[in-house]
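First, the structure itself, so that you have it in front of you.
Order as written gives the chain letters A, B and C; numbering starts at 1 within each chain.
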């Protein structure tokens, strides 16, 4: 009897320690990232160990997430310190009371709405029965589409019931299958791969939708991390900035590193990276436009001031 | 009646525990909203939103998918009884297809069924048909020998055998297959709607839940879950119970 | 009512021969009881006759036609209560053979009620099998078996699981019905007293695959406890 009793206590204790999700004593940063060329500086930084160069004690742990919602939930639960995502998903979280700030931009990228239907040349050609694939409602892709819809039809929610939620690879294979799905709002490298196909064309570009340049992916961190791990955060930012410089100055080696992790041919990758709209910079552009649009159309409920959400 | 009272007390207890946890503030209100905000979200979405429409739409799809699976299942059972080759083939198909979640077959689904209602129905049928067949075959395989010999004695075969003797005889298994199918259908519908979105009008409950999640309206999300739970309790407690009273209970065939 | 005939029938079970060259005849309207020790093959005999099983050698005919599979004109009353369909009320169970041959509902209902009266169950027409006692269930099975004017009635220890009193009542019922309807009956029992009461002919199956046919010439009415009957029983070697 006694053995069973203590055995049970031991098991419960072990299980409970597993439930505790707070970061460990040593210096670590747990980072959530997603798949795509827009996250390239993260790969380069890791490969060249820029973090180690600046601060050998800082350990990085990585969590790959399927989508932005998953990243947000991981951050909410405290399982992850840093998340990289688009500005609209960040704003939605912020609007709902999450005390997160943007600590840097990561990339600007050519995103856009691709179609395999030659009869769809502009948004006006899209009928109510056409479905549009994109990563999820509330994503930057959705918001860009909505901004363009507001500008052209004065109806931001025009396409909201026509969305099909698909990860970029799934959306691409559905498009290329040539069946029901003929519209896909996507980002690099998928947008490049889709446009390489013979019967596809760009219906709406990201910059065109936005009315100007904008940051595609930003890095966000909760106030907790800003307080407790301020120096680590600064180190991360520095290391990423180094990676961006490296990518500009050493294109050959960059291609080598990235070709491996993205499983793309170096020649093909070179072509993608040379696209003028693909920029890796820590600047944050377009924040006010997003806040303004989303507030106006009910995607955000509260007022947010642009400078309040940026960390320095 | 006593059963009902116990269940009501349990539900009340859960609500109290929930609200208690909320008050401790252990978790962010975005993960663990208060009962008040959940109820408020529920009311708001019923009145202002399209929740009723969405619920009816989802219900319709679930019923369609379930009926389709039952008809297919019965047809397959009929053929399988006359042909052992067919039966082996189906058994193989079941063991291959059953463990696969419909959503994992996404590229195939899109290829065969498109991206609209058809795809959602496809995923529902895929999630219901295999466990339903397992239940049905299980029951048909275990029919009492004497009963079968009586049917042989009166020279009843084929279609008549299935409808007059085998199906009524295996009704308990058939019914539990349908009950399982019902809950599988709901799960499949919700995950399918999360992908395929509003396949008609403002979509269904799965789409509602998904939108709540991506726009971080956690209270609304839980409100949607409450709706689904209530539906589940009502259907099982009332509808299926009603059927059972008129069939397996009346016939003394409860297992 | 048909007669039946076994011609040189041999049936083996694994290595054992249950019957060897069994040849016998059953006259129309006769009541044959099959007796023997447990496991000797009584049920097998009945199943062969009913077409539920096949013999290795020999032929079995009913009314001149060879038996290859179960037939609706030779209904069997089984010992197991599972022979009734639990989802049908009593009268529908009884009327089932009529439904199979396409008789319409109201005529089925009438004939079922007649049959119910004959077996003393008019009150229970709408009940379901699970609500009946063992004896009642067997009465229902009996009624079902003769409702469609069978050529041959096969009964596999139908009263086996019942208490003595119920058995005697059912035996009386069976005798009176048989006298009226003049069926050919083959009835298996392990109870010699029952065989003495019911049979016109007796088939004794023995362990070595041998068998013996006897006529039952006891005078009517057959009191189950009379000295004459007891003597008759004692003379039987199983």
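Throughout what follows, a contact is a pair of C-beta atoms (placed from the backbone, for glycine too) under 8 Å apart; a residue touches a chain by one contact, two chains touch by 3 or more.
Please read these numbers as outputs of a predicted model, since none were measured by experiment.
Colleague: Just to be sure I understand: the centre of a chain is the mean of its C-alpha atoms, right? Then which chain's centre is nearest the mean of all of them?
Modeller: B
Colleague: Farthest from chain C by Cα centre, which chain is it? Let me know.
Modeller: A
Colleague: Report, in whole Å, the distance between the mean C-alpha point of chain B and the mean C-alpha point of chain C.
Modeller: Here chain B and chain C have centroids separated by 48 Å.
Colleague: Where the centres are mean C-alpha positions, what is the separation of chain A from chain B, in Å?
Modeller: 35
Colleague: Suppose each chain is reduced to the average of its Cα coordinates; what separation in Å results between chain A and chain C?
Modeller: 81
Colleague: Touching chain C in the complex: which residues of chain B?
Modeller: Chain B reaches chain C through residues 144-147, 149-150, 152-156, 165, 168-169, 171, 247, 250-253.
Colleague: What does chain C use to touch chain B in their complex?
Modeller: 50, 52, 69-72, 74-76, 78, 80, 82-83, 85-88, 96-97, 100, 128-131
Colleague: Which residues of chain B touch chain A in their complex?
Modeller: 28-31, 106-107, 110-111, 114-116, 194-198, 201-203, 210-211, 213-217
Colleague: Quick check on the complex: what are the chain A residues that touch chain B?
Modeller: Contact set of chain A toward chain B: 69, 72, 76-77, 89, 92-93, 95-98, 131, 133, 136-139, 161-166, 170, 173-174, 177, 179-181, 299.
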